[in-house]
Every structure is written in C-alpha cells, then in structure tokens.
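Labels for the chains are A, B, C, D and E, by order of writing; each one numbers its residues from 1.
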Amino acid sequence: MTPVLATENLVAGYGEASVLAGISLTIEEGRTLALLGRNGTGKTTFVNTLAGVTTHHAGSIHLMGRDVTKLRPDRRAAAGIGWVPQERNIFKSLTVEENMTAIARPGVWTLERVYSMFPRLKERRKNLGNQLSGGEQQMLAVGRALMVNPKLLLLDEPTEGLAPIIVDELLAAIQRITQGEGMSAIIIEQKARKVLPLTDDAVILDRGAVVFQGTSAQLLADEAILGQHLGVEKGVRH
Amino acid sequence: MLTILFDGVAYGMLLFILACGLTVTLGLMNFINLAHGAFAMTGGYVTVVMMNRYGISFYWCLPAAFLITAILGLILERTLYQWLYRADHLDQVLFSIGIVFMAVAGADYFMGGQQQLINLPPELSGRMDVFGVGIGRYRLFTIVICAVLALALQLILSKTRFGSRLRAAVDDRRVAMGLGINVPVVFALTFAFGSGLAGLGGAMGAEILGLEPNFPLKFMIYFLIVVSVGGTSTVSGPFLAAMLLGVADVAGKYYVPAIGPFVIYALMIIMLILRPNGLFSRGAGR
Amino acid sequence: QEVVKVGLILPMTGPFASTGRQVSAGAKAFIAAKGDTAGGKKIELIIRDDGGVADQTRRIAQELVVNEGTKVLAGFGLTPLAMAVAPVATQAKIPTVVMAAGTAAITKASPFITRTSGTLPQYSVPVGTWASQNGIKKVVTLVSDYGPGVDAEKWFTKEFKAKGGEIAEAVRIPLQNPDFAPFLQRVRDAKPDAVFVFLPSGVGSLFMKQFADRGLADAGIKLIATGDVTDDDILNSMGKPAIGTITGHFYATSHDSPENKAYVEAFEKANNKMRPNFMSVGGYDGMALIYNALEKTKGDASGPAFMEAVKGLSWTSPRGPVSIDPETRDIIQNIYIREVKEVNGQLHNVEFQTFSALKDPEKAEAK
Amino acid sequence: MASHSTAAAHSRADKLMKRRSRIRFYEVVIWLAAIAAYFLLPSKMLILTEIAILALFAVSLDLVLGFAGIVSLGHAAFFGLGAYIAGLVALHYVAEPVTGLVLAGLAAGIFGFLTSFLILRGSDLTRLMTTLGIGLMMAELANQMAWLTGGADGLSGFSLNPIFGLFEFDLFGKTGYVYCLVVLFIGTMIMRRIAFSPFGLSLKAIKSNPMRAGMIAVPARKRIVTIYTIAAAFAGIAGALLAQTTSFVSPDVLAFHRSADVLMVLTIGGTGYLYGGVFGAVLFTLVKDWLSVVTPQYWMFWIGLILVVLVLIGRERLTGWIGYLPERFSKKEDRR
Amino acid sequence: MSDLVLETRGLKRNFGAFVATNDVSLKVERGARHALIGPNGAGKTTLINLLTGVIPPSEGQVFLEGDDITSLASFKRVKRGLTRTFQINQLFNGFTPLETVTLAIAERNGIGHNLWSSIAGYGQIVEEAAELLARFGLASIMGERTVILPYGKQRLLEIALAFASKPRVLLLDEPAAGVPEDERHEVLSIVSDLPKDVTVLLIEHDMDLVFSFASRISVLVAGAVFAEGSVSEISADARVKAVYLGENA
C-alpha cells in the first residue's frame, strides 16, 4: 500500500537558510506520529514545509503516491492536508463559523460534527475570531483543519492552552479518528509522556535532523533517549 | 422640502456608487488604494469617448465602463498591486498616489485638460413632478442603480463563501493559503471587481460631478469620508454613511448656506468621534 | 543681439491647468505671428509651472529674476498667485504683466504690475446694466465663494440696484462643491426673473447642465452670467442647455474683426483645434504689451522705464481696441454682451451689444 | 561568577544605551552640506529655503507619525495657522521676524493642544480623516474670514524688518536661507533631544503596542497630547518661516495638498528617525523642481512613476544605507 | 493579619448578551500564591483584564489595598503596584529587550515624562535593567530586536517586563505556555523567589505547575467562582474533576 506521506531527504527553511537537514520519513494510513524535540529543533518548520509555507530547498514530498513537492499550499490542502499552525492563526475578522466554512471541503467532517466534538465552539459560533479565549482559539484551529477533510492532519502543539480535560478528549478523539476513519496525523507536542501512549509512531528531531525513529511504545520504554533528547525526567507527574 | 430630501438621497447614492469600490479594496482587502478615483476617472472617460466619439448609447456605456475598468484593474493588480498587499500602509499610500499622479498626467495628455461633458438620453434628463415634488430623472436613475448595487454587494459578501474567503485571505494570507484558499485568484478577482465598481461610479458620476484630469484628486476626499464614516467591514455602513452625508450636505447648504461647506466635515468628525470604527464595525456591533 | 527674457509663470498642472494652457498658447501665438524681436531685442519666453500654489509662484518669480536674469514677469492664473509676486516686483523693480487673474486689487499691490486680462467688476457691471434695461426686475446672484466671486456679486448688485432692480437673494457656493442641487433649489424657490452667475470656467459648465436639468429655464428664470461660465474652450460640449445664456465679457472666439479671424485661425492650427478663449487673449495681449513697450523704450526693459512706457499704451487686440490706463496700469477695453447661439452647428458666444472703453470701476470709484 | 556576569551585562547595557543617542556620521554630513550650500550654490538660495521649511514641517510630522504612530492628513492646519499668525503679526503689530516666529509657534501649539483630544481614539483611518477634516475646516475658515485673512486673495502688503534689526531679507534669499536653516537646526536639535529622552522612548512604545504601554505605567493619552502639541508648534513655526520669507499668505498654506505633500515627503525619507523629513524634503523638492522645469505640463507623471518605482523596489533602500555604515562600524566594535 | 490586597465585589462583564464574568467576588491576601483555573472560555483572562483595567466591568467594583480602583486607568493601577503578563505576548516588537525593560523602569521611577535628558544618562536605571535581564537569562540578547527572538525568549521577556514595574500584585496569564517542559519550572521558580509580600495570581492549564506553585486555588466556571480551596481540596474535588481536570490528574 502507498503510504499517506513519504518525505525523501527533505531540506527546507526560511529564505536562504535551511532549518531541516534532510528528513526522510513515511506515515501509513490510519497511523499517528508524535513529532518531538526541544525548542527550535525544526518541528514546526517540518510541518509547515508539508503545508507548503516555507522555502523548499531539496528532497521530495509524496502524498498518497503523488508528488506534491512543487505544489502551491492551497493545492496541497486540496490534495488532502489539514493544518493546525502553532500560533493558531484564527482569521480574526471572521466568526467562528465562518472560520470553518470559508475553507471547508466536502467530506465526513461537517460543522455539526466539529460542534459535537467541541460544544464550546457551538456556543460561541457567532463570535469573531479575535474575541475568543486562548483555548477556544485552539479548538477552532483544530476544528478548522478538520473541516478541510484531510487525509493527513498536521497538529502543531494542539494541546497548548487547553484545559486538561479537553486535552484528554482531544487526544482520544484523534486516536479514534485515525483508527476508525483512516485519517493519518502528525502531532507535535511538548509533553512526550502525555502523547506517546496515544500515538503509534514517534520521531525526535534535533537540529533539523531525525535522531530517533520508531514506535511510540519503544520510545516510551527508552528512558535514556527520552532524557537525552527531550530532557524528560523520570519523576514528572501528569 | 421633499425635493431637498430627494436631492440629498440622490447625492448620497452617487457618493456611495463612487465609494463602494473603495469599500471593497480598502474595506475588505485592507489596501489603502488612493488611486480609486483614477479607476473611476477611467470609467468616466470610457463613457465620454464611447458616447461623444462613437455615439454609443449611455446604457451600453455603463456596463462597458465597468468591464473595461475591471480589466484594467486586473492587469494592474497582476503586474503591480499584488506586490504591495503585505507592504505597510504608508507604502500603499505612496504607491497609489504615484498611480494617481500618473493617471492625472496621462488623462491630461490623452484627453486634454478641459471638462468633459456627456449628453444623457432624453428620458434621463430633465425632471418630473410627482405629487408636487420635483424629481430629477437622472437622480432617480442613480438611486435605483445604487440600491440594486448595494443589495447585490451585501448579498455577495455576506451570503457567499467568497466574502469570508476574502476576509480570511486578508487576515492571514499565509495560513489562508495553507488551508486551501487560492489567495492570488481571490485577490485579483476582488480587486478587479472593486475597480470595475469604481469605473461604473465614474461613468455615472460624470454627469453631475464633471470629468477632468484632476478628478481622482478632487474627489478622493469624498470617497475617503464615506468609507471612514461608514466603517470598512460592511457594505451597509458606507451605504448609510453616504446617505447621511448626502442629505446633511444638501440640506445644510440649502438651509444654512453660510456654514454649508463645514457641514460635511463637521459631521464626519463628530461621527468619527462617536463611532471611531465606523457605523457598523463588526467588532463593536455584535 | 541682446536677449530680453520673459518669465511666464502659470498653473500648468492642477485644477487650473487649462488657464495655463490657454495663456501660454496665446503668448506663443503672438510670438509666432509677430516674430521674436521687439525694440531691437530678442524675446525669449521661459514657461514655468507653479501648480496654482502661491509660494511656488513667488519662488519661481524670484529665481527667474535672480538666476535667469529675467527682465519681465508675466502670467499668473489666479489672484493670490499674482499677489504673492507683488513684493518681488516692487523690490526688484521688475515689470510684471498679469495675463489672467481678475481681482481688481492686483494692480494696486505694486507699481510695477500691469494687466492685460480684465477685472471682474469691469465685466460684471455691464451685465447689471443690460439686465436692468431688458425687463429683468428681480435677480438672485449665485457666485463662487472666494475673492473674484465676491467681487462679481458686489459690482453686479451695485449696478443693478442703482438702476432700480431688486436682488432677491445672494447665494455663495463653496469652492469645493460637487453638487449644485441645494443652491439651484434655493434659486428656484426664490422665483426671480433671472439668476446672475459667476463661477470659474469648468465649474460653470457643470452648473449649466444642472441648471437645465432642474428646469429653471422652464420655470421662466433667465440665466445671465459673466463670460467665465460660457468659456469658449468648452462651450461646445455643454450642448443645448447653454443656448440662450446671456453673458458679459471682453472676448469671444467669434468676435468679428480681421485681427481676430487671423488670431483664431493661427491659434487653432497651432493647438490641435483648441479654441482660443479669453485667457488666451490675455496671454496674447500681454505679449503685445511687452512688445509695444519695448519698442517705445527702444529695448530698455528696466522697470521704471518700461512701466513709464506702458502707461497709456494702446493697440488693436483680437478683442477690439484696448489701452492701458496711465493712472492705474489696468486695462481699458470694450465689454460685450453676448448670447449663446448655434452657428454652423457649433455653439458660440455671439456678441450683440458693446460697452465701449470701460475702466475698472473699482479704481474709478476709489478716486 | 554571577556578579561578574551582571557587571558585564551592566557595562554592555550602558554601552548599548549610549550608542542609541550618539551623533551619527550622516547627521554631521547633512549640516555641513547645508552650510556648504550657502557658499557653493548662491543661485539656489530660494529652493534651499523652501527645502529647509519643508524639512522642518516634515520633521515635525515625524514626531507625530514616526514616534507616536499617529497618521495625519491635516498637519497643514498648524502650518497654515502659523503662517497666518506670522503674517498678521507682521501686518498689524511687529515686523520683527523672531517675535512673529515665536507667536506663531505658540498659537499653533495651543491649537494643536485643543485638537489633540480629537485624535486620541480610533484606527489609522479614523485619525487620518479626523485630521483631514480639521485641516479642511481651517482652510474654509481662512477663506470665509476674508476681513481678517484677505480670503482667497491672500494676506499681503506686509514686509519684515531685519532679523534682530541686523540682517535684512534680500532678493537673493541669502538671509532667508540662513534664517530658515538656523531655525531648522535648532528645531531638529530640540526634537532630537526629545526623541532620545525617556519620553521619546515611551512614545515609540505607545506606537508599537498601546495596551502593553499602559501596563508598564505609560500614560498614553497625556503623552500623545504633549507630543501632538509640540509637533503642532513646530509645524506652526515652519509655516511662519514660509510667510516671512515670502511676505505673503494665502489659504493655500492650509490646503489639503500641503498635508499630503508633507506626508509623502516624510514617507519617502523614512519615518521614525527625524532625518527622514530632511532627506525627503531634499529629494522631493529637487526632483519636482527639476521635472517641472523639464516638462512643466507633465511632471506629475514622472513624479508618479518615481513614487511607484520607489515603492516597488522598496523605499527603505533609498535611505536604509544612511544609518548603515556607522552602525556597522559600532557593531564590530561591540563584538569584541 | 489577613491583609486583603486585591478584592472584587460582584464583578460582572457582558459581551453583548454573553456573560463572560458573572458576579465574581474574589479575595486575595497579601503574599498569597493564588491560582486561577477553569475550563477554556471560563473567563479567566477576562477577569484579569477587568482587574487591570484593560476593559471596564459592566457592574461591580475592584479594590486594591482597600481603595476602589474600578474606574482607574491601567497605567495608574500599575503605578499602584498592580501589573500582569499577557496570555499572548504583548511586546514592543521594534525595541530591544534592554530598551523595553529600561522604559518600564523609567516609568516606575516617574521620569517617563522627561523629554529633555537622554535616557542613557540615567545610569542606575540602565543598571537595574541589565540586572533584571541577566536574572532572566536574557543578558546575551539584550541588544537584539525583540521580534526576531525565539518564542521562548520572548516569553521570558514578557515576564521580565512585568517584574520591571516592581509589582506588589502580579497577575500571570499562562506564563508557561510555549515554554518547553524542562524550563517551565525554572520560570515559576523565579516567580516563587519574589519577596514574600508580593502577591501572585496565576492562571495556568499545566496542573503540575499549579499544584507545585499555588497555596490557594480558585476555580472559575462560566464566568463565576465555582470552587475555592487549598491544593489538596481542589485536586480531590470530584466536581472540579468533572468539569476541568478530567481523570488523569
């Protein structure tokens, strides 16, 4: 089976400067990948490169077998990429509902379904984007990406600023969706221990390169690597 | 009495037609396009040339003015304007003033410096008496066209996805692209549409306001007043603002001619102090 | 051969660009017709644009005098532009020929200023005379709200009242005014026999259309005006509504004289069919004045000598006989009452009555 | 160890702060050039005078726009008021120029203070239009109060005595130039001090993020009122200079195009570093003058083209280099 | 003894028909380490905005050290020792960290209105700024423009800037957001090191931080105070678990 995403020696960055130093990885259908690494190691840059908003230098990106390396960002979204940017970037002069309908594509994800996942959004649906609380914006960013009905969902620190109970629900929901509906996802997350139990695979980046690649279970078991690359100590409670 | 009211409304409508293209480019695209009047002037000259040189009917001139100006807008957008969406406002001001200067000199070179006048078809000129109220035919025509336009615009922007896609693209171009909005096309179409509206406004305004190379500079202030008082995020705001200003200006000049010239400016300042973000700013209204 | 440089400062851009265009074309037409020597000197014209901004006019004037060695200044599209130059003229003793601006007071601002256009009082008064003699009893005046407009209103009213007329209302229109509706409605509601209008050319044509559209003519209100309103330059494009308008002014393209025929022909040929209007004649006669004065002084362009020569000069202009009042240095000329008529498919101001050799009434009165 | 690093941080901070207000190389060049022009270009005094006046006007706008972030399309209101006051003072009271200058500055400052309350709220567009409205009303007022201002014909018939009774205005404009240059120099130096004071820094903070500025105890309204008043006063002084050097004032000094021109000049030169107004004035005036001699009827086209090209290639490239060389120099020194 | 520093009485704020803050009466004691938690959109940020005067309340009053400050402008509250950080960084992009902090200290010392002396001439203020920046590990980048700093550094500057005003009451709105896991505790430890009489009110969704930092917790739900108590009380409260903490905590 063709993987949903396959990158080959991907080098990209901002303008002349490269941040990614040749990343090759694949994601199969229905699987979630946790993308980990310290601050500034290129996680966001990688995901943004997939979304098409950085400068591409070398290497290739295949989405379900199709070469999308040279595609404009809006074409990539059409090809099946849904993106939750790290800074949320809610469209501030659109209402909650317009934020989602403006970019919606037909598919299983509809307004109703997003609303049932985040009832809070339904309550605030007439609010303008810039009149939402931080957490509501985060929910909207996720809901908005789902409305694209993507094959591959890119989530850049989606749990930041969310209440603990919502974090749990969100991660569980993503697990459900990927397993049940064949969507794949990449999740960037600061808290490795929180996300690893809910993902299938894991990748750690350091200075733009892959320094660990394996299943989440493997990583969770490997205290040495966790400590070395993520600075995650044993005792931290969740 | 009612005649004054009617005249005021008609004048307001004319202001609206001229300014509504600016509502699109400035209000929706957040581009300070001071060259708006240059597009309006283009529409005016298209009409003058078609009518006076080729004798084409006024009714055909209106859509032609819209189309030709829209195409001109499209060309300029693709070649020049598109590089400036992300520039800061002062750059936009400088750039569009440059365009105005070029347009003014260009119009002078090609069309000459004198006032251009058009002669309307007989059914549009003169006036009629309706229950004792003197109603100018052309003014009535303006009101009708304007009302239709305002309604259509409002519908397009609020009821279609195009409006929200456009605003999304303005709010955050990068992310809008990343989420599947074809921003260049959305912008180009909108700009062309806004320019086309300006052209239509110019074609309709030439009769009352006159047309000469300095048109873009002379009326720039009026467009800006309408858009700033009306607010930039809706169509109904500028529409109402234009009506209000039109009526106030005409009535002020009729009843208190001594302070006539101050009325429109004073009203503008008062409105701006009371509602700094326009009549119906999206932020405050909801 | 020595050169006398004449600095022609005009608004070539901006709202008053057409003034600059006409005046400079008139001046050039004169040189084309009469050659470039006068009083044994070669005449060189230097044209500069002041955009209609007074401090620019003054700076350019000063620079022309100081840097270019200009001996005569000329042009000046608007009153403030001429006023701004007056101190320069006085200080540098430079003869200054006003070719367009029309407020009476200008020539009083400096002893080195003379004028070849005309003053608003000069051609407003005859309109008042004519109106009172032709069965008009009640008039509304409607003028642009700035110096020249106020002048026109004042002198028309004075003359008209003196002859027994009644002014029902005096309406003033702001300079920046896109719509005439409220003012015309005021006129209509006052139900006069006629409305007397002064508006700068260009604005006048718009006014004319709205005047007709509002059915004022049908309501029996006659339109009488200064000639600025029916500017020959754009009269044609005003169309039918203009027909029948009565105006008073010092020049019409259709003025019937051999001098004028030759002038109009040469002018239209040189300027791509543009009609010469009263401003162009101001430019033309300005040059005529300079040439005549230099002939008289034998080429001496120094201020006092030149101005002495100017006083009392007289010649035949395309507009008819003109002379320079030795006391005020202002122009003495005929004022014609004209009616807009269609002649050979073209609209023209057709002269039908002449007030001969009028002086500027304001200065005449001041004495 | 820690105390050592704190000490290092302190000395670095000290150096950085001092560097901000150091006199730059280009500043010295400008003033030397302005003085040299007096001797080298005797035939250009008038246009140089015009540049000096426009520069002062633009620099005063920079205080409002570049520092406090308030866009204004009505700055000519103060310029024009200053011009009229100077004209009226000379006509009716004293013909000594410096007195007129001071009075004009005061009057414009007071008017600035009164109108500053109208521009406290609102977006860029709102402020643009409010200031524009004030400017247009002033222009109309000048036209209507003909008994005082001479109306559209302008205020004329006044002449000025020699400055301090010593230096007479001459037809070549030499005295005028020196007079304007001295005023420009003093004005710029005063504004320069303001720019590098705590007050100046707080203005930039208000411009950059008003909400946060409030949260570090910056009283934004008070500061805006103050700077607007100061800027108005300087604009009034610039207007007075114009009136005094041309012995004439017409409503044109209040006209819209004057506000627009000065905004354009400042934008061309660059906002927020004071000398933008000076550079802009030099460039704009010279280019415009040159073009209007070459093609009196169509110079606008070429100016327009220049503006368009300027923006497309990035106007910061025009003036960006100005602060660059000396900056680079000190950065190197800093790295050591 | 129980010295009330910050108090609200019946504080209310509507946005149109929506009630974001509903009758909140909160009491914070001097030197408290008080946490404010609650679901997204519960009104925590709004409450801070009301306390600091960023937006005015629809009803109710705010008291600072016994004085009614309800209608006082923000900058005057800061002068009285009440300051905050923002959930989303609010910095001066074109400034360097040094300029940013120096200005805040200058304003605190009441010389902000001085328009004649160079700011560089105030040696003590610059010195204090340098020290503060060093304390937050920002000394090495104090001369860079803020906008090009990495997010984490900007976050630290955001907090340092609040410190520059020497607050007696400090309100922190999700200070650790975007700061990597292993540095979060460091940030909070700088806050903990503040003098004992400085009062801190903390909003945070990271329960590790909340529980290790706070002595007292208020839970806000739908604009109103839902529960209040010590760390152990709140972390054990079943209702709080149901609406906010979830099962994992």
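As a convention for this text, a residue touches a chain if its C-beta (ideal position, glycine included) is under 8 Å from a C-beta of that chain, and two chains touch if they have at least 3 such contacts.
Note that the structure is a prediction, hence the values are computed from the model and not measured.
The chains in contact with chain B as well as with chain D are C.
Path length between chain A and chain E in the touching-chain graph (shortest route): 1.
Hopping across touching chains, the smallest step count from chain A to chain C is 2.
With every chain reduced to the mean of its CA atoms, the largest distance from chain A is reached by C.
Averaging Cα atoms per chain gives one point for each, and the point farthest from that of chain E is the centre of C. Across every pairing of chains, the maximum count of C-beta contacts belongs to D-E.
Centre to centre, using the average C-alpha position, chain A and chain B are separated by 44 Å. Annotation: 40 Å between the Cα-based centres of chain D and chain E. Distance between chain A and chain D, defined via averaged C-alpha coordinates, is recorded as 51 Å. If you average the CA atoms of chain B and of chain E, the two centres end up 47 Å from each other. Residues of chain C in contact with two or more other chains: 13, 17, 21, 145, 174, 176. The residues of chain E never reach two or more other chains; the list is empty. Residue positions 136, 140, 144, 257, 297, 299-300 of chain D are each in touch with at least two other chains. Which chains touch which is summed up as A-B, A-E, B-C, B-D, C-D, D-E. Listing the residues of chain D that touch chain C in their complex gives 43, 46-47, 49-50, 136, 140, 143-144, 146, 151-154, 156-157, 159, 171-173, 242, 246-248, 250-253, 255, 257, 292-293, 296-297, 299-300. Note for the complex: chain E touches chain D at residues 52-54, 73-76, 78-79, 83-84, 86, 90-96, 98-100, 102-104, 106-108, 111-120, 122-123, 126-127, 129-131, 133-134, 139, 142-143, 161-162, 164-165.
Those residues of chain C whose C-beta lies close enough to touch chain B in the complex are 13-15, 17-18, 21, 145, 171-172, 174, 176-179, 181-183, 185-186, 202-203, 205-206, 209-210, 212-215, 233-234, 237-240, 274.
Interface residues of chain B facing chain D in the complex, by the touch rule stated above, are 26, 80, 83-84, 87, 89-91, 93-95, 97-106, 108-109, 217, 221, 224-225, 227-229, 232, 261-262, 265-266, 268-269, 272-273, 276-277.
The touching residues of chain D, counted against chain E in their complex, run 5-6, 8-10, 12-14, 16-18, 20-21, 193-194, 196-202, 204-205, 208-209, 211-220, 222-223, 226, 334.
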